[in-house]
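For reference, the structures are reproduced in the following blocks.
In what follows, subunit A forms one complex with subunit B and a second complex with subunit C.
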Partner chain A sequence: MDLYVVVLVEVLYGVASLILISAGLAIVFGMIKVINLAHGEFMMMGGYATITAVNLGVNVFVAMLVIAPVAVGLVGLVVERLVIRHLYGRLVDTMLATWGLSLFFIGLATMIFGNTTTGISTPIPGFAIGDYQVNGYNFFIIVAAALLLVAMLSVLKGTRAGLVARGTMQGPEMAAALGYSPDRIYMATFFCGSALSGLAGAILAPLVGLVPTSGGAYIAKAFITVIAGGPSLVAGLLSSASLFGVVNQAFTFATSPVIGEVALLVAAVVLLRILPQGVTGTFFKGKI
Partner chain B sequence: MPGDLTRDAITITLVTGVLIWVLPLIVGTYTLTVLAIYGMLGLSLGLVWGFGGILCFGQAAFFGLGAYAYAIFAINIGESTVPMILAVLVPAVFAAFLGALMFYGRLGDVYLGVITLVVTLILFKVINSTAGPQYVIGNARLGGFNGIPGFPTLNVPGIPDAYIWGDRYFQVCAVLLGLVCMLVTALLRSSFGRIAVGIRENETRMSLMGYDVRARKTAMFAIGAAIAGLAGGLFANWAEIVTPNLFSLGQSAEIIIWCIVGGLGTRLGPVLGAAGLAYLKFLLGQQAVVDNALVTGLVLVLFVLFLPKGVVPALSALWRAGAGRRPRGRVRQRRRPPRRERLNG
Partner chain C sequence: MSLNRRNILTGAAAAASAAMLPRVAMGADSVKLGSILDTSGIFDAYGTPMDMAMRLAVNEINAAGGLLGRQVEVVAYDTQSDMALYTQYGQRLTRQDQVDVVHGGILSASREAIRQTMRKTRTLYFYNVLYEGGVCDRNIFINGVTPAQQVEALVPYAMGKSGKAVYILAADYNYGQITARWIQKFVADNGGDAVGVDFFPLDVSDFGSTIAKIQTVGPDLVIAPLVGGAHLSFFRQWAAAGMKDRIPLASTTMGVGNEHKVLTPEEGNGIMVAYNYSQELDTPANNAFKERWSAAHGDSSLIHEIAVSNYQGVMTWAEAVRQAGSLDREAVIAALESDLSIDGPAGTVTVDPKTHHAVLDVHIMEVKDQGMRVIETLPQRQPIDTQAVCDLQANPDDNTQYEIQI
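Entry: the complex of A and B
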């Protein structure tokens, strides 16, 4: 019985971390059709922002939930104004430019922080379920991911800003004719997406040893989760993250973490071959 | 494409010959060898992407497969001729399967990008985790993260003791690069090449004209992989070790950067881009002030923003304007449509 609880927690944790990793990319790709390949580096910067703030004496949760998103959001704002803004509508060009940005940020982080591993300890202690020891921080990640999804859904569906953003996504000319500036909405969306990437990087920072190249570990997973999710933002994110999270954890339990990762990637290839429009391109149509 | 094949062949032969003679006076042949190999690798993606319109994010996978195929078979066979052929064939067959999987599924270019990227990652992760002694192919231990060292390097075909190394090896690589250039030229002049460019420009139109777009794209993808595999085999000989880093995303990114900087839709561009940027990286590696990745990234961003066509097309346009020659036909004058439409066909 205890084992099942532990496995359930691990699977939930796998799904939740995929949701966290992909949320920022999903916003940017889903809303403004820009694939941000520097997404992993935004997460890396979120991690470094958290660690730097904690080392300066800031409370770890403040650093994680406030400082990191704002810092990375601002970086995203600069990136959007200088680079992305000129490339809207040119999907492949944005991919290439953001890939360049990702290398640029890796280089920058290497120059500032050095090519060494840094990290902070997890702020929540572990506890026991029966005979098994569970990492308490996993629960924090599960709760954070759930809150994040609820927040995204309620902002997009329940607020005027979300309505305007969705409207602009469907018809920029129409939104412009109604007096909203698509340029500024895209800018704000990119800021939100970057901030979410920073938040994800910050929340995951205590679990990994951070190096300047850490972003590479996230980008592929985020990329495939978002693409496999399809056109609907929240529903797509939830469905593909659940699918891949379960596959990953199942194979990790059955064999080894490496096979788990490989199984996730193979599942992605197979899924994209069968459903090239993503999960929500076929199921749950019209949801957000 | 104006001119004829014989003239191109003579030009390529002359240029290759002169460069083999002149370049070693300026740069060491050890560095030049790897520049030639990278040039070949750049050309492989330049063919697939620039002429075939297939954006492959995982060209490094074929490069790495070629290198690993060479290393594994060289250890098992003990000489280099058959492993070199296999270094070309293994990636080509793999690419044919992967290409068939993708193109017969009619996947769009973003999905193509994702799948090639993911396949590269899978290879990287799998090879990376084969550290234990139980992972053996014949006599070759895969070695995981440490890679495979100590395999026999290139020898004169039929004489296993006559190794080719140093200046000779550079000449072999340069001549092979020249040959691959000629092959690509011939391919592009053939009906296959013209139809491939047609597919790049408008896929639907070509399939309505009765061409099997899926089979042709698969074949193009496999040819590109074969060239990348050859470059991989040569690289294994140059480095004398193969490691999983050959499959890394960084390697794939670099190949794409070479093509963008050199110029897509040209044969010369990717080769020059590869050699030039690899040499820049080599020079940057000798100083510690600026990080390498920072410069590479900046170069890519600036090129996408300000010179998305690349150096070679820009220079040749400049040359034509300067020489007062009128551009041939309307097609060359027309502004290029946004790349997204072009790639979607």
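Entry: the complex of A and C
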């Protein structure tokens, strides 16, 4: 019985971490159609921002939930103004430009922090479920991912800003005719996407050893999740992350981590063969 | 000359290669030591201290009058953590610079990229890194510890402190696979049982399911030859789950690149390891070495296992040249094969004539407050894994890396 609870926690954790990893990318790719290959590096910067702040004596939760997203969001803002805004609507060019950015950020982080592994310890102690010890931080990640989805949903659906943003994505000319500047809205959206990437990197930082090249480990999973999710932002993220999280953790638990990773990729290939538009291209149509 | 793309590329390539030429003036009568290491890129945490150690050794040799009355000159290339550059610089060291010896290579892949070039051009080659064992080639001398040297010492100690059921978590490439097999063998030899073995690709950083799985099996001890930054997460997540005080942990890799300085004391304390070197080794030789390092390079906290191996490799070669009284490859090999030994910072290093590997002191240690506290020293351990497959005395033309069957 205890084992089932532990496995359930691990599966939820797997889903939650996929949601966190992919949220920033989903906004940038899903809403403004920029393929941000520097997404992993934005996460890496979130991790470094957290670790630096904690080493300077800032409370770890403040560092993770406030400092890292704001810092990375600001970096994203600069990047958007200098590079991305010239490339809206040019999908392939954004790929090339953001790939260059990712190399640049890796180099920059190496110069500043050195090419060594750094990290902080998890702020929440482990605890027992029956005979098993589990990582208490997993619960924090599950809660954070759930809150993130709720926040995204309520902002997009419940606020005027969300409505304007969605409207601009559907018809920038119409939004402009109604007096909203698409340029400003794209900028704000990119800021939010970068900040979410930073947040994800920050929240995952205590679980990993961080190096300047850490971002590479996330980028593939993030893209698979976002693309398999399809056009709807929140529903897509939730459905594909749930599917892949369950598949990955179930296979990892039943066999080995190698098979777990393979199973995730196989599931993604099969899914995209059956549903080329992603899960929400067929199901949950019209949802956000 | 018209300015087309091809001309520009040729010009740029020529300029770039001119810029990469070593700055040291080539003294006609100096002894040339070639060094080939990744001092930039993702492996620079390993390579940079190795380079510093090599330069320290050469400076000391020169300060003591050089070799054969001649100064030793370093011809060093940075391979930028790019395996393709090893082939290129390996060719250059042997054919263009015509060095007398080459020290270097970090990953096994980099060693295999240049080993045959060294052999063909009859350039003596030293590979000074702990590795998976099994290379059998008369032209190469290896003085890092091999899995059997470490595991043979570590397993009985760790099992003595915990119990007989052992769970193994290893990196999924040749080092991890081979080391895991040796662990299984020594666990069985010590009357224990390997209750589980899991392999992890180098980019896996999420160990939650594995930690739960380990608990369903309930071993007495976990041995983790995991490699690299992503795998460091395991030690962190293990501590975060509160497992550290329930099941003891041992590793054959944690700390080689000073990883134990990244983990907090709460995460790292108590992890059992076995290496040739520790900064906390309290011997006159090591204390003097650290002082000389500080004088030359400043921060002695950079010193790690394979930096010391590199230092000992250069010193072993220098001693062989002195004994041979010549730089001739055959004479130096003969000197190295005559039970030659030196006293390095990590203890006595003796060349095993049969395998060209090293007989070394292995220290069993426990991580304590971001240092490695030496518990027990096992003097002069033989490289028994390679000895089982390799005999260069009987078969001097051998040129294989054996997969050691256990």
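The rule is short, and it goes like this: the second predicted complex is superposed on the first by the 288 of 288 C-alpha atoms of A that agree within 3 Å, B and C clash if a C-alpha of one lies under 4 Å from a C-alpha of the other, contacts with A are read in each partner's own complex, and residues count from 1 in each chain.
FYI, a residue touches a chain if its C-beta (ideal position, glycine included) is under 8 Å from a C-beta of that chain, and two chains touch if they have at least 3 such contacts.
Keep in mind it's a predicted model, so treat the numbers as computed, not measured.
Judged by the touch definition given at the top, the superposed model places A:Trp99 against subunit B, while subunit C stays out of reach.
In the superposition on chain A, contact is made by A:Leu3 with subunit C only, not with subunit B. By the touch criterion stated above, A:Arg273 is placed in contact with subunit B alone, subunit C being left untouched.
Touch criterion met: A:Asn138 reaches subunit C, while subunit B stays clear of it.
Shared-chain residue A:Phe283: touches no atom of subunit B or subunit C. When the two complexes are overlaid on their common chain A, residue A:Val258 makes contact with subunit B and with subunit C alike. Once the two complexes are overlaid on the shared chain, A:Val211 sits against subunit C while remaining clear of subunit B. With the contact threshold set out at the top, residues 216, 256, 258, 261 of subunit A are in contact with subunit B in one structure and with subunit C in the other.
Only residues 35, 83, 86-87, 89-93, 95-97, 99-108, 110-111, 216, 219-220, 223-224, 227, 256, 258, 261-262, 265-266, 268-269, 272-273, 276 of subunit A touch subunit B when the two sit together in their complex. Residues of subunit B that touch subunit A in their complex: 55, 101-102, 105-111, 113-115, 117-119, 121-122, 125-126, 128-129, 249-250, 253, 256-257, 260, 290-301, 304-305, 308, 338-340, 343. On the side of subunit C, the complex with subunit A involves touching residues 41-42, 44-45, 172, 198-201, 203-206, 208-213, 215-216, 229-233, 236-237, 239-243, 246, 257-259, 262-264, 266-267.
For subunit A in complex with subunit C, the touching residues are 3, 6-7, 10, 13-14, 17, 114-122, 124-128, 131-138, 206-211, 213-214, 216-217, 249, 252-253, 256-258, 260-261.
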